[in-house]
(Lines give C-alpha, C1' and ligand atoms only; values in the text may rest on other atoms or scores of the structure.)
Protein backbone atom coordinates (compact mmCIF):
# COMPACT_ATOMS: atom_id res chain seq x y z
CA UNK A 1 0.00 0.00 0.00
CA UNK A 2 1.17 3.50 -0.71
CA UNK A 3 2.46 5.29 2.38
CA UNK A 4 0.03 8.01 3.43
CA UNK A 5 -0.31 10.37 6.31
CA UNK A 6 3.39 9.69 6.75
CA UNK A 7 5.39 11.26 9.52
CA UNK A 8 7.85 13.99 8.60
CA UNK A 9 11.06 14.25 10.66
CA UNK A 10 13.18 17.29 11.55
CA UNK A 11 15.19 17.11 8.32
CA UNK A 12 12.10 16.83 6.12
CA UNK A 13 10.44 19.70 7.95
CA UNK A 14 13.53 21.87 7.52
CA UNK A 15 13.45 21.11 3.81
CA UNK A 16 9.94 22.60 3.88
CA UNK A 17 11.23 25.67 5.74
CA UNK A 18 9.90 24.66 9.14
CA UNK A 19 12.25 25.01 12.11
CA UNK A 20 11.85 24.00 15.75
CA UNK A 21 9.80 20.85 15.22
CA UNK A 22 10.97 17.26 14.87
CA UNK A 23 7.60 15.73 14.01
CA UNK A 24 4.89 16.60 11.50
CA UNK A 25 2.57 15.30 8.84
CA UNK A 26 1.33 16.80 5.57
CA UNK A 27 -2.23 16.89 4.33
CA UNK A 28 -4.70 18.88 2.25
CA UNK A 29 -7.97 20.62 3.21
CA UNK A 30 -11.06 18.55 2.42
CA UNK A 31 -14.51 19.85 1.53
CA UNK A 32 -16.13 18.60 4.76
CA UNK A 33 -13.71 20.71 6.83
CA UNK A 34 -15.19 23.95 5.46
CA UNK A 35 -17.94 25.84 7.22
CA UNK A 36 -20.69 28.10 5.87
CA UNK A 37 -18.17 30.91 5.26
CA UNK A 38 -16.16 28.49 3.05
CA UNK A 39 -13.28 28.76 5.55
CA UNK A 40 -11.77 25.77 7.30
CA UNK A 41 -13.87 25.50 10.46
CA UNK A 42 -12.14 26.28 13.77
CA UNK A 43 -12.79 22.79 15.03
CA UNK A 44 -11.15 21.16 12.02
CA UNK A 45 -7.82 22.52 13.28
CA UNK A 46 -8.42 20.74 16.58
CA UNK A 47 -9.11 17.48 14.75
CA UNK A 48 -5.78 17.96 12.95
CA UNK A 49 -4.07 18.46 16.32
CA UNK A 50 -5.81 15.30 17.55
CA UNK A 51 -4.62 13.33 14.52
CA UNK A 52 -1.09 14.64 15.11
CA UNK A 53 -1.27 13.85 18.83
CA UNK A 54 -2.36 10.23 18.38
CA UNK A 55 0.28 9.49 15.72
CA UNK A 56 2.96 11.34 17.71
CA UNK A 57 2.18 9.36 20.86
CA UNK A 58 2.44 6.08 18.94
CA UNK A 59 5.67 7.23 17.31
CA UNK A 60 7.32 8.44 20.53
CA UNK A 61 6.27 5.33 22.48
CA UNK A 62 3.89 7.14 24.84
CA UNK A 63 1.19 4.54 24.24
CA UNK A 64 0.37 1.70 21.91
CA UNK A 65 -3.35 2.46 22.53
CA UNK A 66 -3.91 -1.19 23.43
CA UNK A 67 -6.37 -0.61 26.31
CA UNK A 68 -4.37 -3.28 28.13
CA UNK A 69 -2.13 -2.96 31.22
CA UNK A 70 0.96 -2.21 29.12
CA UNK A 71 -0.43 1.13 28.02
CA UNK A 72 -1.67 4.27 29.76
CA UNK A 73 -4.98 5.88 28.89
CA UNK A 74 -4.24 9.41 27.73
CA UNK A 75 -6.77 12.17 28.26
CA UNK A 76 -6.78 15.79 27.22
CA UNK A 77 -7.11 18.04 30.25
CA UNK A 78 -6.89 21.36 28.40
CA UNK A 79 -6.79 22.47 24.80
CA UNK A 80 -5.96 25.86 23.28
CA UNK A 81 -6.02 27.02 19.67
CA UNK A 82 -4.96 30.35 18.19
CA UNK A 83 -6.23 31.13 14.72
CA UNK A 84 -3.84 33.36 12.81
CA UNK A 85 -4.98 33.27 9.21
CA UNK A 86 -7.97 31.62 7.49
CA UNK A 87 -7.58 28.49 5.38
CA UNK A 88 -9.51 27.43 2.29
CA UNK A 89 -10.48 24.37 0.26
CA UNK A 90 -7.69 22.28 -1.23
CA UNK A 91 -4.85 24.10 0.52
CA UNK A 92 -1.90 21.87 1.36
CA UNK A 93 -0.54 22.19 4.89
CA UNK A 94 1.80 20.62 7.41
CA UNK A 95 0.83 20.07 11.04
CA UNK A 96 3.77 19.94 13.45
CA UNK A 97 3.78 18.74 17.05
CA UNK A 98 6.28 18.73 19.89
CA UNK A 99 6.34 18.27 23.66
CA UNK A 100 7.44 21.32 25.59
CA UNK A 101 7.20 20.11 29.19
CA UNK A 102 7.12 16.67 30.82
CA UNK A 103 5.85 16.12 34.38
CA UNK A 104 5.67 12.69 36.08
CA UNK A 105 2.20 11.79 34.75
CA UNK A 106 1.36 14.63 32.38
CA UNK A 107 2.92 16.58 29.53
CA UNK A 108 2.30 19.72 27.52
CA UNK A 109 2.28 19.57 23.72
CA UNK A 110 2.45 22.36 21.17
CA UNK A 111 1.06 22.28 17.63
CA UNK A 112 1.36 24.48 14.57
CA UNK A 113 -0.25 24.54 11.11
CA UNK A 114 2.00 25.74 8.28
CA UNK A 115 0.79 26.47 4.76
CA UNK A 116 2.25 28.42 1.87
CA UNK A 117 5.11 29.74 3.99
CA UNK A 118 2.91 31.18 6.75
CA UNK A 119 1.74 30.01 10.13
CA UNK A 120 -2.03 29.60 10.06
CA UNK A 121 -2.73 28.39 13.59
CA UNK A 122 -1.00 27.23 16.75
CA UNK A 123 -2.27 25.08 19.57
CA UNK A 124 -1.48 23.54 22.90
CA UNK A 125 -2.75 20.51 24.81
CA UNK A 126 -2.21 19.39 28.39
CA UNK A 127 -2.21 15.59 28.40
CA UNK A 128 -2.69 13.42 31.47
CA UNK A 129 -1.51 9.80 31.71
CA UNK A 130 -3.91 7.46 33.53
CA UNK A 131 -4.18 3.77 34.28
CA UNK A 132 -6.84 1.90 32.30
CA UNK A 133 -9.29 2.60 35.16
CA UNK A 134 -9.44 6.15 33.82
CA UNK A 135 -8.70 7.62 37.28
CA UNK A 136 -5.31 6.69 38.74
CA UNK A 137 -2.32 8.69 37.56
CA UNK A 138 0.29 6.59 35.76
CA UNK A 139 3.97 7.54 35.20
CA UNK A 140 5.18 7.76 31.60
CA UNK A 141 7.20 5.02 29.91
CA UNK A 142 10.90 5.96 30.21
CA UNK A 143 11.49 5.58 26.44
CA UNK A 144 8.70 8.07 25.73
CA UNK A 145 10.24 10.63 28.08
CA UNK A 146 13.62 9.95 26.48
CA UNK A 147 12.25 10.59 22.98
CA UNK A 148 10.48 13.78 24.07
CA UNK A 149 13.69 15.14 25.61
CA UNK A 150 15.99 14.03 22.83
CA UNK A 151 13.91 14.79 19.77
CA UNK A 152 11.87 17.75 21.02
CA UNK A 153 14.19 19.16 23.72
CA UNK A 154 11.25 18.90 26.12
CA UNK A 155 11.93 20.27 29.59
CA UNK A 156 11.62 17.80 32.47
CA UNK A 157 9.86 18.85 35.68
CA UNK A 158 9.75 16.54 38.70
CA UNK B 1 -43.24 23.10 15.02
CA UNK B 2 -42.16 22.04 18.49
CA UNK B 3 -39.65 24.45 20.01
CA UNK B 4 -36.24 22.80 20.17
CA UNK B 5 -32.76 23.85 21.05
CA UNK B 6 -34.55 26.64 22.92
CA UNK B 7 -32.68 29.27 24.83
CA UNK B 8 -32.75 29.13 28.62
CA UNK B 9 -32.67 32.45 30.51
CA UNK B 10 -31.24 33.29 33.92
CA UNK B 11 -34.39 32.22 35.80
CA UNK B 12 -34.62 28.88 33.98
CA UNK B 13 -30.93 28.22 34.58
CA UNK B 14 -31.31 29.00 38.29
CA UNK B 15 -34.19 26.52 38.45
CA UNK B 16 -31.67 23.97 37.17
CA UNK B 17 -29.18 25.01 39.88
CA UNK B 18 -26.93 27.03 37.58
CA UNK B 19 -25.80 30.47 38.78
CA UNK B 20 -23.82 33.19 37.05
CA UNK B 21 -25.13 32.68 33.52
CA UNK B 22 -28.05 34.39 31.76
CA UNK B 23 -28.02 32.28 28.60
CA UNK B 24 -27.95 28.55 27.96
CA UNK B 25 -29.43 25.68 26.00
CA UNK B 26 -30.13 22.06 26.92
CA UNK B 27 -29.30 19.00 24.87
CA UNK B 28 -28.36 15.34 25.09
CA UNK B 29 -25.22 13.46 24.00
CA UNK B 30 -25.59 11.76 20.63
CA UNK B 31 -23.84 8.61 19.45
CA UNK B 32 -21.73 10.41 16.82
CA UNK B 33 -20.17 12.61 19.53
CA UNK B 34 -18.47 9.60 21.18
CA UNK B 35 -14.92 8.57 20.37
CA UNK B 36 -13.25 5.16 20.44
CA UNK B 37 -13.10 5.24 24.26
CA UNK B 38 -16.93 5.71 24.29
CA UNK B 39 -16.39 9.15 25.90
CA UNK B 40 -17.71 12.35 24.37
CA UNK B 41 -14.83 13.46 22.15
CA UNK B 42 -12.95 16.60 23.19
CA UNK B 43 -13.91 18.34 19.99
CA UNK B 44 -17.63 17.72 20.51
CA UNK B 45 -17.48 20.16 23.45
CA UNK B 46 -16.10 22.80 21.10
CA UNK B 47 -18.94 22.19 18.66
CA UNK B 48 -21.35 22.73 21.57
CA UNK B 49 -19.58 26.00 22.38
CA UNK B 50 -19.89 26.94 18.71
CA UNK B 51 -23.62 26.17 18.68
CA UNK B 52 -24.03 28.25 21.85
CA UNK B 53 -21.95 31.08 20.40
CA UNK B 54 -23.93 31.37 17.17
CA UNK B 55 -27.32 31.28 18.91
CA UNK B 56 -26.11 33.69 21.63
CA UNK B 57 -24.84 36.18 19.05
CA UNK B 58 -28.19 36.08 17.24
CA UNK B 59 -30.04 36.43 20.53
CA UNK B 60 -27.92 39.34 21.86
CA UNK B 61 -28.03 41.17 18.53
CA UNK B 62 -24.31 40.84 17.77
CA UNK B 63 -25.05 39.69 14.23
CA UNK B 64 -27.93 38.51 12.11
CA UNK B 65 -25.40 36.48 10.08
CA UNK B 66 -26.72 38.05 6.89
CA UNK B 67 -23.36 38.46 5.12
CA UNK B 68 -24.67 41.87 4.13
CA UNK B 69 -23.43 45.33 5.19
CA UNK B 70 -25.77 45.40 8.23
CA UNK B 71 -23.86 42.62 9.93
CA UNK B 72 -20.28 42.06 11.01
CA UNK B 73 -18.39 38.89 10.16
CA UNK B 74 -17.38 37.27 13.44
CA UNK B 75 -14.25 35.18 13.65
CA UNK B 76 -12.73 33.16 16.46
CA UNK B 77 -9.23 34.36 17.25
CA UNK B 78 -8.56 32.01 20.16
CA UNK B 79 -10.34 29.08 21.77
CA UNK B 80 -9.69 27.32 25.08
CA UNK B 81 -11.36 24.26 26.59
CA UNK B 82 -10.82 22.69 30.01
CA UNK B 83 -12.08 19.14 30.42
CA UNK B 84 -13.08 18.43 34.00
CA UNK B 85 -15.01 15.18 33.90
CA UNK B 86 -15.80 12.71 31.10
CA UNK B 87 -19.24 12.51 29.51
CA UNK B 88 -21.06 9.50 28.08
CA UNK B 89 -23.80 8.52 25.65
CA UNK B 90 -27.30 9.85 26.27
CA UNK B 91 -26.34 12.18 29.13
CA UNK B 92 -28.42 15.33 29.29
CA UNK B 93 -26.52 18.56 29.72
CA UNK B 94 -26.83 22.34 29.64
CA UNK B 95 -24.32 24.56 27.86
CA UNK B 96 -24.14 28.11 29.23
CA UNK B 97 -22.48 31.13 27.65
CA UNK B 98 -21.71 34.69 28.71
CA UNK B 99 -19.52 37.58 27.64
CA UNK B 100 -16.90 38.57 30.19
CA UNK B 101 -15.15 41.44 28.44
CA UNK B 102 -16.08 43.76 25.56
CA UNK B 103 -13.48 45.76 23.61
CA UNK B 104 -14.34 48.07 20.69
CA UNK B 105 -14.19 45.37 18.00
CA UNK B 106 -13.69 42.16 19.97
CA UNK B 107 -15.10 40.35 22.98
CA UNK B 108 -14.27 37.44 25.24
CA UNK B 109 -16.87 34.75 25.89
CA UNK B 110 -16.97 32.03 28.55
CA UNK B 111 -18.74 28.70 28.28
CA UNK B 112 -19.59 25.88 30.68
CA UNK B 113 -21.12 22.41 30.36
CA UNK B 114 -23.29 21.30 33.28
CA UNK B 115 -24.63 17.78 33.73
CA UNK B 116 -26.04 15.89 36.68
CA UNK B 117 -25.12 18.67 39.09
CA UNK B 118 -21.45 18.84 38.13
CA UNK B 119 -19.39 20.99 35.83
CA UNK B 120 -17.98 18.82 33.04
CA UNK B 121 -16.05 21.38 31.00
CA UNK B 122 -15.43 25.08 30.65
CA UNK B 123 -14.28 27.12 27.70
CA UNK B 124 -13.34 30.53 26.44
CA UNK B 125 -13.32 32.20 23.03
CA UNK B 126 -11.86 35.47 21.85
CA UNK B 127 -14.13 36.81 19.11
CA UNK B 128 -13.20 39.49 16.59
CA UNK B 129 -15.74 41.63 14.72
CA UNK B 130 -14.85 42.32 11.09
CA UNK B 131 -16.44 43.98 8.09
CA UNK B 132 -17.66 41.60 5.39
CA UNK B 133 -14.27 41.97 3.69
CA UNK B 134 -12.96 39.68 6.43
CA UNK B 135 -10.12 42.09 7.25
CA UNK B 136 -11.23 45.52 8.55
CA UNK B 137 -12.15 45.77 12.22
CA UNK B 138 -15.77 46.76 12.78
CA UNK B 139 -17.24 48.21 16.01
CA UNK B 140 -20.05 46.28 17.72
CA UNK B 141 -23.72 47.22 17.40
CA UNK B 142 -24.63 49.32 20.47
CA UNK B 143 -27.60 47.10 21.34
CA UNK B 144 -25.33 44.04 21.46
CA UNK B 145 -22.93 45.77 23.84
CA UNK B 146 -25.92 46.87 25.92
CA UNK B 147 -27.24 43.31 26.18
CA UNK B 148 -23.81 41.93 27.09
CA UNK B 149 -23.41 44.48 29.86
CA UNK B 150 -26.96 44.25 31.17
CA UNK B 151 -27.60 40.52 30.95
CA UNK B 152 -24.09 39.18 31.50
CA UNK B 153 -22.49 42.02 33.49
CA UNK B 154 -19.73 42.08 30.87
CA UNK B 155 -16.91 44.51 31.61
CA UNK B 156 -16.33 47.26 29.04
CA UNK B 157 -12.80 48.16 27.98
CA UNK B 158 -12.13 51.09 25.62
CA UNK C 1 -32.84 18.17 34.08
CA UNK C 2 -34.96 19.55 31.26
CA UNK C 3 -36.12 16.87 28.85
CA UNK C 4 -34.31 17.20 25.54
CA UNK C 5 -34.02 15.22 22.40
CA UNK C 6 -37.25 13.64 23.60
CA UNK C 7 -39.02 10.96 21.65
CA UNK C 8 -42.26 11.90 19.87
CA UNK C 9 -44.94 9.22 19.58
CA UNK C 10 -47.58 8.65 16.88
CA UNK C 11 -50.07 11.09 18.46
CA UNK C 12 -47.48 13.86 18.84
CA UNK C 13 -46.32 13.35 15.26
CA UNK C 14 -49.88 13.51 13.97
CA UNK C 15 -50.33 16.78 15.85
CA UNK C 16 -47.39 18.03 13.77
CA UNK C 17 -49.04 16.79 10.58
CA UNK C 18 -46.87 13.70 10.18
CA UNK C 19 -48.60 10.42 9.34
CA UNK C 20 -47.26 6.89 9.03
CA UNK C 21 -44.60 7.07 11.74
CA UNK C 22 -44.84 6.14 15.42
CA UNK C 23 -41.41 7.41 16.48
CA UNK C 24 -39.59 10.70 15.97
CA UNK C 25 -37.54 13.43 17.58
CA UNK C 26 -37.39 17.17 16.99
CA UNK C 27 -34.26 19.29 16.63
CA UNK C 28 -32.85 22.38 14.96
CA UNK C 29 -30.04 22.81 12.43
CA UNK C 30 -26.73 23.80 14.00
CA UNK C 31 -23.97 25.86 12.42
CA UNK C 32 -21.49 22.97 12.25
CA UNK C 33 -23.93 20.99 10.09
CA UNK C 34 -23.63 23.49 7.24
CA UNK C 35 -21.20 23.09 4.40
CA UNK C 36 -19.46 25.66 2.20
CA UNK C 37 -22.68 26.33 0.26
CA UNK C 38 -24.39 27.20 3.62
CA UNK C 39 -26.69 24.19 3.10
CA UNK C 40 -26.99 21.39 5.62
CA UNK C 41 -24.33 18.94 4.46
CA UNK C 42 -25.53 15.63 2.99
CA UNK C 43 -23.77 13.70 5.69
CA UNK C 44 -25.49 15.62 8.49
CA UNK C 45 -28.75 13.95 7.46
CA UNK C 46 -27.09 10.57 7.95
CA UNK C 47 -25.93 11.59 11.43
CA UNK C 48 -29.55 12.50 12.20
CA UNK C 49 -30.65 9.07 10.97
CA UNK C 50 -27.94 7.55 13.18
CA UNK C 51 -29.14 9.51 16.22
CA UNK C 52 -32.72 8.39 15.48
CA UNK C 53 -31.61 4.79 14.99
CA UNK C 54 -29.73 4.53 18.28
CA UNK C 55 -32.54 6.11 20.32
CA UNK C 56 -35.19 4.04 18.50
CA UNK C 57 -33.31 0.79 19.15
CA UNK C 58 -33.07 1.64 22.86
CA UNK C 59 -36.74 2.61 22.93
CA UNK C 60 -38.00 -0.49 21.09
CA UNK C 61 -35.82 -2.83 23.16
CA UNK C 62 -33.58 -3.92 20.27
CA UNK C 63 -30.47 -3.36 22.38
CA UNK C 64 -29.39 -1.75 25.63
CA UNK C 65 -25.97 -1.15 23.99
CA UNK C 66 -24.30 -2.82 26.97
CA UNK C 67 -21.58 -4.68 25.03
CA UNK C 68 -22.42 -7.58 27.34
CA UNK C 69 -24.01 -10.96 26.48
CA UNK C 70 -27.54 -9.61 27.04
CA UNK C 71 -27.30 -7.33 24.02
CA UNK C 72 -26.63 -7.81 20.32
CA UNK C 73 -24.08 -5.72 18.46
CA UNK C 74 -25.92 -3.89 15.69
CA UNK C 75 -24.17 -2.97 12.49
CA UNK C 76 -25.28 -1.06 9.45
CA UNK C 77 -24.97 -3.19 6.32
CA UNK C 78 -26.40 -0.65 3.88
CA UNK C 79 -27.49 2.97 4.02
CA UNK C 80 -29.47 5.06 1.53
CA UNK C 81 -30.40 8.74 1.59
CA UNK C 82 -32.56 10.70 -0.83
CA UNK C 83 -32.23 14.47 -0.69
CA UNK C 84 -35.44 16.21 -1.70
CA UNK C 85 -35.03 19.83 -0.67
CA UNK C 86 -32.10 21.76 0.84
CA UNK C 87 -32.04 22.79 4.51
CA UNK C 88 -30.52 25.89 6.11
CA UNK C 89 -29.21 27.20 9.42
CA UNK C 90 -31.60 27.30 12.36
CA UNK C 91 -34.43 25.42 10.66
CA UNK C 92 -36.46 23.25 13.01
CA UNK C 93 -37.15 19.74 11.85
CA UNK C 94 -38.48 16.37 12.94
CA UNK C 95 -36.72 13.10 12.11
CA UNK C 96 -38.98 10.06 12.02
CA UNK C 97 -38.01 6.40 11.98
CA UNK C 98 -39.82 3.10 11.54
CA UNK C 99 -39.03 -0.53 10.78
CA UNK C 100 -40.49 -1.80 7.53
CA UNK C 101 -39.25 -5.40 7.47
CA UNK C 102 -37.94 -7.79 10.13
CA UNK C 103 -35.94 -10.90 9.25
CA UNK C 104 -34.56 -13.36 11.86
CA UNK C 105 -31.30 -11.46 12.46
CA UNK C 106 -31.69 -8.30 10.43
CA UNK C 107 -34.22 -5.53 9.83
CA UNK C 108 -34.83 -2.66 7.44
CA UNK C 109 -35.51 0.83 8.79
CA UNK C 110 -36.90 3.90 7.03
CA UNK C 111 -36.25 7.52 7.99
CA UNK C 112 -37.68 10.87 6.98
CA UNK C 113 -36.85 14.51 7.72
CA UNK C 114 -39.84 16.87 7.94
CA UNK C 115 -39.57 20.64 8.15
CA UNK C 116 -42.00 23.46 7.54
CA UNK C 117 -44.64 21.09 6.19
CA UNK C 118 -42.41 19.50 3.56
CA UNK C 119 -40.36 16.36 3.34
CA UNK C 120 -36.69 17.30 3.03
CA UNK C 121 -35.03 13.88 2.90
CA UNK C 122 -35.75 10.19 3.28
CA UNK C 123 -33.45 7.33 4.14
CA UNK C 124 -33.16 3.63 4.64
CA UNK C 125 -30.80 1.38 6.61
CA UNK C 126 -30.32 -2.37 6.60
CA UNK C 127 -29.32 -3.39 10.12
CA UNK C 128 -27.71 -6.70 11.08
CA UNK C 129 -27.84 -8.19 14.59
CA UNK C 130 -24.62 -9.87 15.70
CA UNK C 131 -23.25 -11.49 18.84
CA UNK C 132 -20.62 -9.45 20.69
CA UNK C 133 -17.94 -11.28 18.68
CA UNK C 134 -19.00 -9.06 15.77
CA UNK C 135 -19.40 -12.06 13.46
CA UNK C 136 -22.09 -14.57 14.49
CA UNK C 137 -25.68 -13.72 13.55
CA UNK C 138 -27.94 -13.28 16.59
CA UNK C 139 -31.77 -13.46 16.61
CA UNK C 140 -33.66 -10.38 17.79
CA UNK C 141 -35.19 -10.07 21.27
CA UNK C 142 -38.87 -11.06 21.01
CA UNK C 143 -40.05 -7.83 22.68
CA UNK C 144 -38.21 -5.77 20.05
CA UNK C 145 -39.88 -7.68 17.22
CA UNK C 146 -43.22 -7.26 19.00
CA UNK C 147 -42.76 -3.49 19.26
CA UNK C 148 -41.71 -3.19 15.61
CA UNK C 149 -44.78 -5.10 14.48
CA UNK C 150 -47.21 -3.42 16.84
CA UNK C 151 -46.03 0.18 16.72
CA UNK C 152 -44.64 0.33 13.17
CA UNK C 153 -46.67 -2.42 11.45
CA UNK C 154 -43.37 -3.93 10.34
CA UNK C 155 -43.69 -6.97 8.10
CA UNK C 156 -42.19 -10.22 9.41
CA UNK C 157 -40.19 -12.45 7.08
CA UNK C 158 -38.88 -15.87 8.24
CA UNK D 1 4.99 21.72 -0.44
CA UNK D 2 4.87 17.94 -0.33
CA UNK D 3 2.16 16.47 -2.57
CA UNK D 4 -0.63 15.04 -0.45
CA UNK D 5 -4.02 13.58 -1.04
CA UNK D 6 -2.71 13.05 -4.56
CA UNK D 7 -4.81 11.51 -7.24
CA UNK D 8 -3.96 7.99 -8.35
CA UNK D 9 -4.55 7.10 -12.00
CA UNK D 10 -5.49 3.78 -13.61
CA UNK D 11 -1.87 2.59 -13.83
CA UNK D 12 -1.11 3.44 -10.19
CA UNK D 13 -4.32 1.73 -9.06
CA UNK D 14 -3.45 -1.39 -11.05
CA UNK D 15 -0.05 -1.44 -9.36
CA UNK D 16 -2.00 -1.61 -6.09
CA UNK D 17 -4.10 -4.48 -7.44
CA UNK D 18 -7.21 -2.40 -8.16
CA UNK D 19 -8.94 -2.90 -11.50
CA UNK D 20 -11.86 -1.09 -13.10
CA UNK D 21 -11.15 2.37 -11.75
CA UNK D 22 -9.18 5.22 -13.33
CA UNK D 23 -9.27 7.60 -10.34
CA UNK D 24 -8.47 7.18 -6.66
CA UNK D 25 -6.70 8.62 -3.67
CA UNK D 26 -4.91 6.98 -0.76
CA UNK D 27 -5.28 7.86 2.91
CA UNK D 28 -5.17 6.44 6.43
CA UNK D 29 -7.87 6.13 9.11
CA UNK D 30 -7.74 8.92 11.69
CA UNK D 31 -8.78 8.71 15.33
CA UNK D 32 -11.74 11.08 14.91
CA UNK D 33 -13.26 8.75 12.30
CA UNK D 34 -13.77 5.98 14.89
CA UNK D 35 -17.01 5.52 16.79
CA UNK D 36 -17.70 4.10 20.24
CA UNK D 37 -17.11 0.54 18.98
CA UNK D 38 -13.62 1.64 17.80
CA UNK D 39 -14.70 0.93 14.21
CA UNK D 40 -14.60 3.54 11.48
CA UNK D 41 -18.04 5.13 11.69
CA UNK D 42 -20.44 4.50 8.80
CA UNK D 43 -20.60 8.18 8.04
CA UNK D 44 -16.83 8.52 7.73
CA UNK D 45 -17.03 6.40 4.57
CA UNK D 46 -19.49 8.93 3.13
CA UNK D 47 -17.10 11.76 3.93
CA UNK D 48 -14.41 9.85 2.02
CA UNK D 49 -16.79 9.50 -0.92
CA UNK D 50 -17.45 13.25 -0.67
CA UNK D 51 -13.73 14.03 -0.66
CA UNK D 52 -13.28 11.75 -3.69
CA UNK D 53 -16.26 13.30 -5.45
CA UNK D 54 -15.08 16.90 -5.06
CA UNK D 55 -11.52 16.13 -6.20
CA UNK D 56 -12.77 13.94 -9.05
CA UNK D 57 -15.12 16.68 -10.30
CA UNK D 58 -12.26 19.20 -10.29
CA UNK D 59 -9.98 16.72 -12.03
CA UNK D 60 -12.49 15.71 -14.72
CA UNK D 61 -13.52 19.33 -15.39
CA UNK D 62 -17.09 18.95 -14.12
CA UNK D 63 -16.76 22.13 -12.08
CA UNK D 64 -14.16 24.55 -10.85
CA UNK D 65 -16.39 25.22 -7.83
CA UNK D 66 -16.18 28.95 -8.55
CA UNK D 67 -19.80 29.83 -7.69
CA UNK D 68 -19.65 31.99 -10.79
CA UNK D 69 -21.52 31.59 -14.13
CA UNK D 70 -18.74 29.41 -15.59
CA UNK D 71 -19.49 26.58 -13.20
CA UNK D 72 -22.52 24.49 -12.33
CA UNK D 73 -23.63 23.95 -8.75
CA UNK D 74 -23.54 20.23 -8.09
CA UNK D 75 -25.90 18.64 -5.62
CA UNK D 76 -26.27 15.11 -4.36
CA UNK D 77 -29.75 13.78 -5.07
CA UNK D 78 -29.21 10.28 -3.69
CA UNK D 79 -26.46 8.47 -1.83
CA UNK D 80 -25.97 4.78 -1.11
CA UNK D 81 -23.30 2.98 0.91
CA UNK D 82 -22.74 -0.75 1.39
CA UNK D 83 -20.53 -1.75 4.31
CA UNK D 84 -18.72 -5.00 3.63
CA UNK D 85 -16.07 -5.28 6.31
CA UNK D 86 -15.22 -3.10 9.34
CA UNK D 87 -12.21 -0.78 9.37
CA UNK D 88 -9.97 0.21 12.28
CA UNK D 89 -7.59 2.93 13.43
CA UNK D 90 -4.51 3.59 11.33
CA UNK D 91 -5.50 1.34 8.45
CA UNK D 92 -4.32 2.56 5.07
CA UNK D 93 -6.87 2.53 2.30
CA UNK D 94 -7.58 3.70 -1.24
CA UNK D 95 -10.87 5.29 -2.26
CA UNK D 96 -11.73 4.91 -5.93
CA UNK D 97 -14.39 6.74 -7.91
CA UNK D 98 -15.83 6.49 -11.41
CA UNK D 99 -18.88 7.67 -13.35
CA UNK D 100 -21.12 4.89 -14.59
CA UNK D 101 -23.88 6.82 -16.34
CA UNK D 102 -24.15 10.36 -17.75
CA UNK D 103 -27.50 12.00 -18.48
CA UNK D 104 -27.86 15.57 -19.86
CA UNK D 105 -27.80 17.29 -16.45
CA UNK D 106 -27.06 14.48 -14.02
CA UNK D 107 -24.66 11.59 -13.59
CA UNK D 108 -24.24 8.50 -11.43
CA UNK D 109 -20.96 7.85 -9.64
CA UNK D 110 -19.66 4.70 -7.98
CA UNK D 111 -17.16 4.52 -5.14
CA UNK D 112 -15.16 1.78 -3.46
CA UNK D 113 -12.87 1.55 -0.44
CA UNK D 114 -9.97 -0.88 -0.76
CA UNK D 115 -7.70 -1.89 2.10
CA UNK D 116 -5.31 -4.77 2.65
CA UNK D 117 -6.42 -6.48 -0.53
CA UNK D 118 -10.13 -6.51 0.33
CA UNK D 119 -13.09 -4.35 -0.54
CA UNK D 120 -14.38 -2.71 2.63
CA UNK D 121 -17.26 -0.64 1.29
CA UNK D 122 -18.90 0.49 -1.93
CA UNK D 123 -21.08 3.48 -2.64
CA UNK D 124 -23.09 5.31 -5.23
CA UNK D 125 -24.21 8.90 -5.67
CA UNK D 126 -26.67 10.49 -8.07
CA UNK D 127 -25.40 13.98 -8.87
CA UNK D 128 -27.47 16.78 -10.37
CA UNK D 129 -25.98 19.74 -12.24
CA UNK D 130 -27.72 23.07 -11.55
CA UNK D 131 -27.22 26.70 -12.45
CA UNK D 132 -25.95 28.92 -9.63
CA UNK D 133 -29.59 29.69 -8.75
CA UNK D 134 -29.70 26.21 -7.25
CA UNK D 135 -32.86 25.34 -9.22
CA UNK D 136 -32.46 25.33 -13.02
CA UNK D 137 -30.95 22.23 -14.60
CA UNK D 138 -27.66 22.91 -16.39
CA UNK D 139 -26.04 20.69 -19.05
CA UNK D 140 -22.56 19.35 -18.33
CA UNK D 141 -19.39 20.84 -19.81
CA UNK D 142 -18.51 18.78 -22.91
CA UNK D 143 -14.93 18.17 -21.71
CA UNK D 144 -16.27 16.65 -18.46
CA UNK D 145 -18.52 14.27 -20.37
CA UNK D 146 -15.60 13.42 -22.63
CA UNK D 147 -13.36 12.58 -19.66
CA UNK D 148 -16.06 10.47 -18.02
CA UNK D 149 -16.57 8.47 -21.20
CA UNK D 150 -12.91 8.14 -22.07
CA UNK D 151 -11.36 7.52 -18.67
CA UNK D 152 -14.25 5.73 -16.93
CA UNK D 153 -16.11 4.23 -19.89
CA UNK D 154 -19.24 5.93 -18.58
CA UNK D 155 -22.40 5.16 -20.55
CA UNK D 156 -24.16 8.14 -22.16
CA UNK D 157 -27.93 8.41 -21.96
CA UNK D 158 -29.80 11.19 -23.80
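Letters A, B, C and D mark the chains as written, and numbering starts fresh at 1 in each.
Operating definition for what follows: a contact is a pair of C-beta atoms (placed from the backbone, for glycine too) under 8 Å apart; a residue touches a chain by one contact, two chains touch by 3 or more.
Given the structure is predicted, the values throughout are model-derived calculations rather than measurements.
A.B. asks: I need the pair from B-D, A-C or A-B whose contacts repeat those of C-D. Over half of the residue-number contact pairs should coincide.
C.D. replies: A-B
A.B. asks: Of the pairs A-B and B-C, which shows more C-beta pairs in contact?
C.D. replies: B-C
A.B. asks: So the centre of each chain is just the mean of its C-alpha atoms; given that, what is the distance between chain A and chain C in Å?
C.D. replies: Comparing mean C-alpha positions, chain C is 36 Å from chain A.
A.B. asks: Could you grab the centroid distance between chain B and chain C? Build each centroid from C-alpha atoms only and quote it in angstrom.
C.D. replies: Comparing mean C-alpha positions, chain C is 29 Å from chain B.
A.B. asks: Can you tell me which residues of chain A touch two or more of the remaining chains?
C.D. replies: 31-32, 43, 47, 50, 89
A.B. asks: In the complex formed with chain B, which residues of chain A make contact?
C.D. replies: Chain A residues touching chain B: 37, 42-43, 46-47, 50, 73, 75-83, 86, 134.
A.B. asks: Chain A touches which residues of chain D in the complex?
C.D. replies: Touching chain A from chain D are residues 1-5, 8, 16, 26-28, 30-32, 47, 50-51, 54, 58, 65, 89-90, 92-94, 115-116.
A.B. asks: Considering the complex alone, what residue numbers of chain D touch chain B?
C.D. replies: Answer in residue numbers: 31-32, 34-36, 38, 41, 43, 89.
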